[in-house]
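Once you've had a glance at the structure underneath, I'll fire off some questions.
Letters are used for the chains, namely A, B, C, D and E, taken in the order the chains are written, and counting of residues starts over at 1 for each.
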Amino acid sequence: MSSKSEALLVRPAADASGAKGIVATVGKIILLNPILPILAVALPLFAAFVPFYATTTNLQNLLLASSILLLLSCGGALAMITGNIDLSVEGTLCFSSMFIAWLMMPAPVGAGVELSPLLCIPLGIAIGVGIGMLNGLLVQGLGVNPFIVTLGMLLTLKGAAAIPTQATTVYTLPSVYSWVGYNEVFGVSWIVIVSFTVCLMLACWLKASVIGRHIYAVGGNVEAARENGISPFRTVTIVYALSGGLAGLAGWLNAARLDSASANSGDGITFTVFAAIIIGGIALSGGAGSLWGVLGGVILLSSIDNVLNLVAVNPLYLNFVRGAVIIVAVLLIVIRQRLAARLGLQEAAA
Amino acid sequence: MSSKSEALLVRPAADASGAKGIVATVGKIILLNPILPILAVALPLFAAFVPFYATTTNLQNLLLASSILLLLSCGGALAMITGNIDLSVEGTLCFSSMFIAWLMMPAPVGAGVELSPLLCIPLGIAIGVGIGMLNGLLVQGLGVNPFIVTLGMLLTLKGAAAIPTQATTVYTLPSVYSWVGYNEVFGVSWIVIVSFTVCLMLACWLKASVIGRHIYAVGGNVEAARENGISPFRTVTIVYALSGGLAGLAGWLNAARLDSASANSGDGITFTVFAAIIIGGIALSGGAGSLWGVLGGVILLSSIDNVLNLVAVNPLYLNFVRGAVIIVAVLLIVIRQRLAARLGLQEAAA
Amino acid sequence: MTPFLEVRNVSKSFGGIAALKGISFELAAGEAVALMGGNGAGKSTLVSLLSGLLRPDIGSICIEGADRVLSDPQQSREAGIETVFQNLALCPNLNAPGNLFLGRELYRGFGPFKILDRKAMEKVTVATLQDLGVNVPDMRAPTNRFSGGQRQALAFARAVRGKSKLLILDEPTAALGVEESANVVKTVQRLRKERNIAVLLITHNLEEMRSIADKAVVLRRGHHVGSVLLKETSDDEIVARITGSFGAKAGVAA
Amino acid sequence: MTPFLEVRNVSKSFGGIAALKGISFELAAGEAVALMGGNGAGKSTLVSLLSGLLRPDIGSICIEGADRVLSDPQQSREAGIETVFQNLALCPNLNAPGNLFLGRELYRGFGPFKILDRKAMEKVTVATLQDLGVNVPDMRAPTNRFSGGQRQALAFARAVRGKSKLLILDEPTAALGVEESANVVKTVQRLRKERNIAVLLITHNLEEMRSIADKAVVLRRGHHVGSVLLKETSDDEIVARITGSFGAKAGVAA
Amino acid sequence: ADKKLTMTLLNAYFQDEFWQGCNVGAKRAAKDIGADLTLLDGNYSMETQVNQIDTTIQKAPAAMMIASIDSSAVVPALKRAMARNIQVYAFNTAVPNTTLTATVAMDESATGAAAAKRMIGLLQKRAAETGQKAYRLVHLVGAVATEPVRLRREGFNKVIQAPIEGITVDMVEVVTNWKPEPAVSGLQDAMTRGPVDAIFTESDFLTPFLIPVLKRNGYTDNKGAKHVLIGGLGGIPGGLKAIREGWQEFSLNYPIDGMCASNVYLANESLDGKPFAQAWQGVMDKAGVTTNAPRLIDDKATGPTVLLTANPIDASNVDSKIFWANTYKE
């Protein structure tokens, strides 16, 4: 029975030779991806009907407008893949940039120590990592509900962001710090280059690395992971630390883009972050999805806002239209899923 | 072996006779309740150290300030017990009251039809029920992710609320409609009486009724519920409809309290609602918790805001303090859980 | 007489995987059939079709002579079929009575105001578990606290409480102890005698198969590879059919 | 010679429920012991203690003569114990190689940049499942698509791949077919011969007990009610000990 | 009075400079008269603010002053306060629907209109210099569904959308909800569609965030014909800084510190028994808002209301100490 059972172990790739095979393979890839099909429909539609959408400048803008959301969403997605949630990223972004700005600026706005920007950039990221590790400790170490821990952290950090400068906005940051916001390569801002590079590398790492595998395992069945010697505490803490670090990085890039730090920055982005994560195919219950999907979700949501700006919807109808478009987009995604399920396509997370 | 095994089937109630038995029983009730222990610590502390906290007027205010939050939280909790989530309640509150106000008021602010308030009150609730049923249909009927459906619904409804009156606040509503906001019994507003009565009845119904049992079953294991002939679609739709109806009711009571309807009403309450639900012991994954716990969560959060108002913390530190207090409260709750788990106390949901 | 259940040329695939390929068999009222087959042979998939969890891709299911579309478990129950699923179908957050009466609660009142009759349900639970000789330390603890066997016994107890005409048992004793297994077998035998209930039994235990069933239907990789009368068939032959060595090298097995 | 494993007066309660009450026994290196008992007797609880999932309330566990605090499964693994849990401990979202190498991935690189060696893991998976004669239609499908037996075989395959000195098997063949069960028994026998591995087997199947174990430890409602050499003991006696009728009315069982 | 006056100030929000300016003004005035002042933060939630009014009522201060988040929603609660003999003062935003002790507020729609007229003047000047006739203007809207913003926006839009002599203005509105990121993305997207000539921001705390966008889009010059004309409301430090640097042309100053201070002083005078009619002008002096042309509208329905006009700030007077942004940190 040996040869027979071996043949059965890996399902043949539907005779991938010939034109029909390629169509089938491409079809399968599209159907299996949580977000590609909708992008494949939406983006050409936008390009065709929305003036200026498909211009180089607009695409550069779109990427820039996506950068911060992408960083926060990737972090949030990692936490969600482990079956947890990280609501604190907006707070981390806000607090770290505000605190760093206070350290860099001269008195009276700043602390007066005028710390070097070159030191402050990694310090901002480190603050994010520290906040993330605290989240991880509370969530997996002490077993506090992640929703409420990170919500409390969000409130605390947003509150704390106002304290150093007494809610004063800090303008015109040191030029080394905001260099990344003023310079570009072929019209593409360094903000885009940094954030997309980090996130794409992270996406690969998540799928290819041993830790990435453990992240999925903890999200799929935390008891099974533990029973197999994977430390949920270690894994979850790593994930929160990464999420915090990405938010710290986003804090820098956002402040550099605005060339200022404000206790309001990031306000309300939390909802968009979670919309991007879920549209991107990360399951709330953990264990499924990829950062590629999240990238798609980010592009979709940024495109919606971009298009609404370009067609200049009446401000009174703006929120209504945005909400309705999101619901429609998600409905399309579900239709895609149904189709894939009907065809029996479903890939393991790893 | 018959008599022996019967004796084992129900664990003896730790010889509930005698003073020691009573202490043990009370201790067990307190430890098993998700929120009672923390209330039992926090409220006396507030009463002792916060001036005005333990006055009749303040308690009346506290209940009033809790009413809307309680209605929304109970609805959200029901959805969460089935393993779903309802982020749309704030939107339903806002939209239903705005739409109803528009129907009741004369032109130019209103539609000009001047619908009778007596009709409008049930109509507002019905609008909520309708929105909830739509949520249920999308979530369980079509299988769309509940997070994103209800988030989309939230954005859509908040956007839609601005449309009828072109973002104009509607004030001085018909006196029949706002009667409930201006009248009281022994100093207790009718708003409190209506909302608490509804929620307490709902809490009992959830524990005692067949549908309530099915709500827990669907949240515990939706496949098992289905395999036993319980319709998840029916159950989830009922729950979303209830949640929507409660939000519609809250829309009425809130508008009556403010004697006006605004497209901003309820702004930002979503986070507080979910904090109350989770602090109240409802598991994000569904199947556990009770509305009594949610009531405790609501009282705790309202008390925190009330106390922060009474002691007038420097507003610059306010958000920081609020966030930190929530984290500490939840830490205490976790300690309670650990203790209960160590003692092997854990009650089935039903 | 028309058979109680008739499965006609039923196939079911999951994407590229064909779990069942053109299965047909009959089950008379009151008859006990064992559904045998190796792991992944398609037994549980067939159970899912009969209990309304899945719909066949092709083929049809007739109950008491009439074509039935079983599109949800409720319909299967109404057609007189009660199932003990391999996954047990328990809610881990509910306690023993909660699970024993899941979807069949005892209540007073009507409409949305059906109020649970907890007392009555607890009483029946005590009696039922006692009948099976299952020892549950705390009936009111959530079932995620139960041991594997305690859970399985509960799932079995739930199915046999009904008034069904066909009982489907998917490996009902896999996690049960020696004594508890014997009680399950005895209970099924009693039900057959008292209520003339039909049984579709899935098991990997040949002894159990013989003490309950009259006939065996053997599946192998989704194919129906034989129906045999147990009286006329040796264990070795059945094993040979299951493993696919029957015919090739008849009589040699395990 | 000191025994490989010594369990000394171990007790474990869950709140009011005493799952284990003062259990003591020894297991020599290379010895195979069957842990027998009815449902809820405390067998899986004992497994949890030995594999580091739970800590005993009182009592201690010695491995190779040294007192060990097994506070997580990793420590138990490092002490040379490999376990097949009754719940199987599979991640439903991972595929067969993902589960077979769960927590033991093959990789290149170091630190946070350990990169999975997928090819190698898939190759080993194919070979391992083939060895067990388990037929999995699509190795790359998530295991929530697997049949009950396919899942159990995977969990078993994972445990026997290790270099452990003690293999704990909690009802390893409960969901397996006739042929697959036989393969599991054969594999365990081979491991004992080749690697002189010690085995702690939990099963409700007396035949399986005899083909693997030399000795039986019987639990009943958390009490240790006897250790017997299988050569010297009849099945009936063991069943009588399990059900508690031993001594009372010796020899009458099932 | 020998007994210390107790007052509660209900601010709309705390975490930005504008409302910080309010706190500073109120604290300064309270110190001046020796009153005991409690500050509360409504966090931009009308329900929170109503709860705070109710809490304040039970503490029964002599007076409360409020920047209402929704001028209708607070009415029932303020009525309760008035009924308990607590003096109620409103600042910044008038509460049109009930009788308060007194109000010192901005005339929002007039201010919006004034800003539009100023902007038109600038555009016409540029038209005269360069001959350009058609202009594109980006209007950064605040939180679209709030009352003050609605009035402000309507005031501005009515003027800018009416036919204008000599030029045409094509306006694009961008909803910012008072957040920097949507403002920045919205401006960027507007520029994608073509060159932008002017920006009107409903609060000039947004201006500093816009400058990097302008720089990135080639508007590196803060003078000259290509320079984007920026006008704003508020007189917020960020706006003033932009005026100094030449990025922003004008701002209309909301004397937020003065409005708060005048509330505090008014309460003091009234509790000393001085009638409003005698007191108010002196109070406006003390509060430093005389340059805002305070005018009294003695409305029987709403109580005495002093409406203030926003005084213009441009490069010529940007350093003047009459603007709160130049003094609030001292």
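Operating definition for what follows: contacts are C-beta pairs under 8 Å (C-beta built on N, C-alpha and C of every residue); 3 or more make two chains touch, one makes a residue touch a chain.
Nothing here was measured: the structure is a model prediction, and the numbers come from that model.
In terms of the distance between Cα centroids, chain C is separated most widely from E.
Each chain's centre was taken as the mean of its CA atoms, and the one lying most distant from chain B is D.
Between the Cα centres of chain A and chain E there is a gap of 36 Å.
Each chain gets a centre from the mean of its Cα atoms; for chain A and chain D, those two points are 42 Å apart. Put simply, the C-alpha centre of chain C and that of chain D have 28 angstrom between them. Within chain A, residues 1, 11, 158, 162, 166-167, 316, 318, 346 each touch two or more of the remaining chains.
Residues of chain D in contact with at least two other chains: 14, 16-17, 87, 134-138, 141, 145. Residue positions of chain E touching 2 or more other chains: 14-15, 144.
Those residues of chain B lying in contact with chain E across their complex are 52, 55, 57-58, 61, 64-65, 68, 161-162, 167-172, 178, 181-182, 254, 257-260, 262-269, 305-306, 309-310, 312, 314-316, 318-319.
Taken in their complex, chain E has these residues touching chain B: 8, 11, 14-15, 23, 38-41, 43-48, 50-52, 54-56, 58-59, 69-76, 97, 143-147, 150.
On the chain D side of its complex with chain C, the touching residues are 14, 16-17, 37-41, 44, 86-87, 134-138, 141, 145-150, 152-153, 171, 174-182, 204-206, 221, 239, 242-243, 253-254. Looking at the complex, you find that chain E touches chain A at residues 14-17, 19-20, 141, 144, 172-175, 177-182, 184-186, 188-190, 192-193, 205, 208-209, 211-212, 215-216, 237-238, 241, 329. Those residues of chain C lying in contact with chain B across their complex are 51, 53, 72-74, 77, 83, 85, 87-95, 98, 102-105, 107, 112-116, 122, 125-126, 129-130, 133-143, 145, 158.
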